[in-house]
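In what follows, structures are represented as structure tokens.
Look for subunit A in each of the two complexes below; its partner is subunit B in the first and subunit C in the second.
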Partner chain A sequence: MRSIRTKIELLGGLALTWGCSTGVAPPIGEAREGPPQQGGVLRTAFFTDVRGLDAATAFDTAASAIESLVYDGLVTYDDEGKLVPQLAERIDISPDGKRYVFPLRRGVLFHDGAELTAADVKRSIQRALHVKTPCPVPSYYERIVGFATYHDGKTEDLAGVKLDGDYQITIELTEPDATFLHIMALPIVAPVCASAGKVWERSFASKPCGAGPFKVTRYENGQIIKLVRHDGYWEKGKPHLDGIEWFLSMQSFTQRFKFEQGDLDYIRELSEADSLLYRTSPAWRGRGAWEPSLTTGGTFMNTEMAPFDNRHVRRAVSYAIDREQLASVRPGHVSAHAKMVPNVLIAPEPGYPQQTFDYERALEEMRLAGYAYDPKTGQGGYPKEIAYLAILDSYAQTAAEIYQQQLAKIGLRLKIQVVGWPTFLAKTSRRKTAQMGFAGWHADFPDASTFFEPILATKSIQDEESQNAAFFSHKPLDDLLDRARRSTDEAERKSLYRQAEEIVVQEAPWATSYTYSYLELWQPYVHGYKPHPVLSQHLRNAWLDRAQKKLAAADCSRGHRLLDRLTCPRPRRAPTTLALARGFR
Partner chain B sequence: MLDPRAFRRFQKNRGAVFGTGLVVVLVLFAVLGPLLAGHDPNLSDFTGGRAADGSIAGPSGRHLLGVDPLLRDSFSRLAHGARISLLVAFFATTISIVVGAAVGLASGYAEGTRGQSVDTFLMRAVDVGLSFPYLLLVMAIGAAVGETTIVTILMVLGLTSWFGTARIIRSKTIQVRHLDFIVASRALGQSTPAILLRHILPNVAGPLIVIASASVAQMIIAESVLSYLQVGLPPPTATWGRMLLEGQRFYTVAPRLVLAPGILIFLAVLGFNLLGEGLRDALDPHED
Partner chain C sequence: MLAFLGRRLLWSLFTVWAVVTATFFIYNVLPEDPARVIAGPQARPADVARIRTQLGLDRPVHVRYGLYMKNLVRPPAETKDDAVWKVGPLRIDLGVSYLKRKPVTQLLSKALPPTLLVGFLALIIEVGIGAAAGVLAAMKRHGLLDYGTVTLTLVGISAPTFLTGLLLQHFFARELRLFPLDGYGQTSAEQLHSAFLPALTLGLYGAAYYTRLVRDEMITLLKEDYIRTARAKGQREWVVIVRHALRNALMPLVTVVGLSMGGLVGGAIVTEKIFRWPGIGSLSVDAIVERDGPVIMGVVILFSTVVVAANFLVDLSYAVLDPRIRKR
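What follows is the complex of A and B.
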């Protein structure tokens, strides 16, 4: 009997030690100063899958991070977030702001070994804007001369993009565009190999080819994307890494443990609990960084589908959402936010138009919509269930459950449908398919226009691949956005975007609710990385101190096998702490 | 239903008694728990759901077992989860047993007669059903149905789990069919349905009861797996599998979020399995 009890106690002790330890493992190795080292493979992960890597069509956050490593553009952002030439040697802009000349670097090689010429640049731009290409934001490029006839399929040549010999390209605009260089920095118009063809084909999404520092050698949906160094890369000595491996569809808590064991070198999708542990761990103090929050999150309402074709219902939703409650379930990462443009880009002064939480007004709007609801009896409201699309294993799913509670109080009953990232994108971008769902937008470039045009302008509505998930069409808003794009006066532009915010408050195609910040962590042996002010997970300059990384393999306490862990000296864990300091950042 | 000798055998089996006790406690928890919880399982407590240090609230007078990551009362969710688990398990088992018994009786009674083709067809259908991995089949049907409700879950579970039952009941039916009293019944002109229902079914009821109690345990696990894999009932419905999923990301700081549903699933499965084994031993005449 005693023997059995001893065994049970031993097993219980093991279970507690194994499963319920409350610390986080200390960093692996030390951050030693020194020149960049060449070689090594950096490993990281996404909790989502990646739909595809065709520069012309893949536009979501997950794909963009990888695209910025596979494709180089004519222009890009430096470490301070300023626009600089990349494949162009320089940028010459005419005084009227309608003509851009890009002399190209010589000797730039694509992944297939071919040399980049001006004809490749033109072919890539034409391919992206071709009528058959499901480009998510063609309207960004509508000011290029000849865009309308080309994008409608009436001509075979985009007249505004001109070749000046083999190594210079000129782009002419119909009117000045304050965002033009920003949109030329997007992967959408990045030069792609000849294998991409002149017209979009679905197959290129899984075998992308560009002129970036890494090329894709393996792409398995839901599993892994492997990048290896492009030996012919134009920037001498770059990249430092032999490759990058991106594991897909990996849950955040799995990422954490793989990170602790040295199987992942960089992570950013920590759960709330793990994030707090790292933030309060003395061993990790001063390590990692918060990614700049250029994100607006909330919920979209499809204005072409009932009941959100009724403006009062949309306004009721925007008034019914208590944004502080949303923030309270993920302290540190989520902040209440009630306007389209993140505060990093336009800080709201007093009186700035923002959506607000006002329960009584929400009930009044429901009454005006013809769906009066009595909170005392629970009678009334919209009679049918509303399908709400959320993304699996994400904060969007958490937010959906809170929206469900909050909107039930005004008589809107949500039925949550949790789907994977690719399904979510497919459904929300198709006309008259998704009634309501998670809405999130990360800045394509650091300008307020990116928070309106692709997601709320009439011209961004498409039957398929529409970024305007609300299918919101509002002429006064369209006019404001056009004027803001044309203007080069920053004060005027700011005023116009303020007016645009006012329209969003009044019409409520989105109920903006929060901003989300990611805590990025990397082991001390990863060098050359810091969060970029514009580009997410910008790993192109990263390098590894491989001697330090080998410590991970030598440290038996990080082993996978039970025997390893039992025979190893007790791991040097950070002291346990459940003091989850709220404002610790 | 048990004859006195079988009942005595059951009473002497400590495991069976313990299992019965667990099942009774579980049923009481499912019936009374939600009434005693005092909290809506789907409502977050934004005012009292955080401890003073900002962490999610642990057990207290306000929340007996603390709150979950969405600040909802854990006890209330466990109790409502128990209702769903038992409801799904009992009804899915009923469907499974009814279909399995009907097919098994029909097939066994037709075997070796002019209706042999019926037996052949039904048994090949069972072979096909058994050749599919059970959970994969359930997930595929669940995905095809699209909208998952408690009815679709229990229908899917019930209609994909009767194959084994049909096999066992068929073989038992073949044994019973050749006994003298069945031959006498046929000689006296009793109809086939009457023979099946009045004479054969009572004689195969023992195995059916045993299969049913083991099946309930399997259904509890299956429902939990579906919820854990997010192909079961949609959020925010409280199910033990979903609670496991939601709690696993917090198990380093709040292991109770994983332990509570995990222990309940364990006890429920243990209880029904011990009960099933006890019934099997009690109904086995060789035990005397």
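What follows is the complex of A and C.
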């Protein structure tokens, strides 16, 4: 089915190239400076559907973007990506790092008009972690005192979450956890209205109710989610918009058509062809932005299977990959990346341990491994084919073909097996099943730990459900990660993760290679938006210059395109697709 | 006649059961784990295991099959009304979607009317255009009209629906803005308006096929003795064509229309995605991509029933139209 989607996208691109040789439409209106204006409805779209909007269960990217507008949490991220209190007035952490006290803001109202109290916060946390709630990641919260007995259904009270009166809540942990505030910023434990109940009910997913700046008035699967301003929102003057309309399951080329016509104000899921058109359009120069990437991509090598049980072969792979070549296939969207933690989280200062492309060194590692390869004669190398698992219709498939060519130059012959996403997950999580394949990880929350513990720690290895696809077990790395998790000293943690990166460079369970970004575009009349370092499509501060948008609506050249070519003054012709592509090269 | 009907009915029920059983086992023996897909690639093993238990996926496949079939048709008292279809005294329970966490019957009930609307319109378009163009081409055989029709039908049959759909969307919705680019609309008028392009996309493919079918059938029939007799009796040409020839040419058309119901659904899968039409096609694509087993099973049961019922009706119409079949 993914291939059907791809065909549709490809044909869409083809239709655009053929039918729209006029290039992309210019921006609508002008970006005028001024104070934020109240009112207006912003329209945008998702390529996918949104499964549900129950904070406790919906954890995918699409749902999270809308949930961040519907639910406020105890903590959130500021514009720089730093953790700050949201519904909490402040956060008091005990010196041993095991006790967090959250005094609550007074006068915070839910969408149903009820005032937020500490009991609501506890009820919401308990509801999310209840044994009957299909929360995808309850184990994130396993360090809360009493989690195990509560989550197993042995008690009805989560002992570690305590009420201190109506407006203060205390959470106790079994051990210090540097990621605790990050997981408290996830919508999963955000306070929900009393209508959500104490135990999960499936009906709440389509009638969500929280304390965020927008409330949901219409939710139709595969069609639309309509949000309107929550008039009782605690932050005075916010939100600026009257509402946001989110169209669901909309094809990328349709999103472009609607964006050109002013029917969508902000888009993010352009096809490669459209992205190129916008990036090279003079009218769009300097507009839009790349979403900061919290993803690391590359290839894993199963350390329990030959030839990757040999450390030198793994190192040879990491040296043989030319990451710039991988990035050049999709300029802009794909960037070369050679370490586990994305640059948004830890910027690589000089000397920071990273994998590198060094062909001679790769050949030397192959020789040390006992598989010396002579590039001149093509003799030597690993004698058997290596099965490489890639995912259908993704950049991983393209990357696999590039890896195949690059690794052939050091005597490793890859046989690419392209499978669907569910099959990929099943095969890579099973012991001694997948030799090598696509490796990608998106931050669960913006902390370096999420790029090591779930995917490279020994405790993540299991016979059937292994998240550690490389089955990499390394005691010094495990010790470093445990220390980093318990440490509350940011400088110490940074140093520990730097050491962890060094181990990955030396042992090479992954050959990190690239990171993937989305191009975000918005019309000039949309203000107050910029890509957030952590939260995707964070539209809560956006506002519209409605006068400019109205001007656009009155512009006949944006209306009945074919008919208007006869009736409207002919607009300045934009360069053709072909010319743009040539110019780009 | 009753024995004939009984035999056909039993075969129909057996066919539906066989399709359901085959789908269930094929889906369940795939080396994939719906719990992992539901939990997401980032979920930890303990969470995946718990979801698997919640969904009953930790049980052996034959046990799951037994439970599924047992729950499929239930007595009224055992299920909530919002989660089932009522069929006489029985309740059809197709389970709950793994991902949307809604009863499958609810999802299908919501998706079925849009699909039926588009399917019905497409059927009108394909049969209408197919019959008219086929007759005209046969009447003007070896003429410009005939060659033009044959060429166009060749193009129509060759062009996949995703290409036709994109082209129609580009010209009629984007350039001319005569129809919405996509979506369903809220009022009946909006829905009918929005349904036109998806229906035309589906209908054009069928129309091309039916044109060829009717044309060939008409060419054969127009050479028959009874047509010559009718003409010799001085009947008007349109009476000869419509009353004598076309009526007989429609017999194979009825058969093909019945058999093509499945094809209409297959085309709808792509067409509905292009036009963001909230029908069974869109539901199927999402369910298959996300391995949402209960929804996949629900769609299969629904459409195998529809296709089998359509074929049953075709058999029935044969029996009504042809006395020789009744006597078998």
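Definition applied: the second predicted complex is superposed on the first by the 338 of 585 C-alpha atoms of A that agree within 3 Å, B and C clash if a C-alpha of one lies under 4 Å from a C-alpha of the other, contacts with A are read in each partner's own complex, and residues count from 1 in each chain.
The working rule: contacts are C-beta pairs under 8 Å (C-beta built on N, C-alpha and C of every residue); 3 or more make two chains touch, one makes a residue touch a chain.
Because the structure is a prediction, the values reported are computed rather than measured.
J.: Considering only touches as defined above, state whether A:Ile402 meets subunit B (first), subunit C (second), both or neither.
T.: The first partner, subunit B, only.
J.: Going by the contact rule set out at the top, does A:Val137 touch subunit B (first), subunit C (second), both, or neither?
T.: A:Val137 sits against subunit C, while subunit B stays out of touch.
J.: Answer with first, second, both or neither: which of subunit B and subunit C does A:Ser271 touch in the superposed model?
T.: First partner only.
J.: Kindly classify A:Pro292 by the partners it touches after superposition: subunit B alone (first), subunit C alone (second), both, or neither?
T.: A:Pro292 contacts neither subunit B nor subunit C.
J.: Tell me the contact category for A:Gly40 with respect to subunit B and subunit C: first, second, both or neither.
T.: A:Gly40 contacts neither subunit B nor subunit C.
J.: If we overlay the two complexes on their shared chain A, which of subunit B and subunit C does A:Gly52 touch? Say first, second, both or neither.
T.: Second partner only, subunit C.
J.: In the overlay, answer first, second, both or neither for which of subunit B and subunit C A:Asn221 touches.
T.: After superposition on chain A, A:Asn221 lies in contact with subunit C alone.
J.: Have a look and say if subunit B or subunit C is in touch with more residues of subunit A.
T.: On the superposition, C touches more of the residues of subunit A.
J.: Would you check which partner chain A:Val418 touches, where first means subunit B only, second means subunit C only, and both and neither mean what they say?
T.: first
J.: Of the two partner chains, subunit B (first) and subunit C (second), which one does A:Asp60 touch, if any: first, second, both, or neither?
T.: Second partner only.
J.: Return the residues of subunit A at which the contacts from subunit B and from subunit C coincide.
T.: Shared contact residues on subunit A: 19, 251, 253.
J.: Once bound in the complex, which stretches of subunit A touch subunit B?
T.: Interface residues on the subunit A side: 19-22, 251-253, 271-274, 276-277, 325, 328-329, 331, 392, 397-398, 400-402, 404-405, 415-418, 578-582.
J.: What part of subunit A is in contact with subunit C in the complex they form?
T.: That would be residues 1-2, 4-5, 7-8, 11-12, 15, 19, 49, 51-52, 57, 59-60, 134-140, 202, 205-206, 220-224, 247, 249-251, 253-254, 257-258, 420-423, 425-427, 429, 441-442, 444, 454, 460, 462, 465-467, 559-563 of subunit A.
J.: Across the complex, what residues on subunit B touch subunit A?
T.: Within the complex, subunit B contacts subunit A at residues 42-44, 46, 50, 53-55, 69-71, 230, 234-236, 248-255.
J.: Quick one: which bits of subunit C touch subunit A in the complex? Just the residue numbers, please.
T.: 30-34, 36-51, 54, 96, 99-102, 107, 110, 162-163, 166-167, 169-171, 173-177, 181-184, 269-270, 273-274, 276, 278, 282-283, 285-286, 288-289, 291
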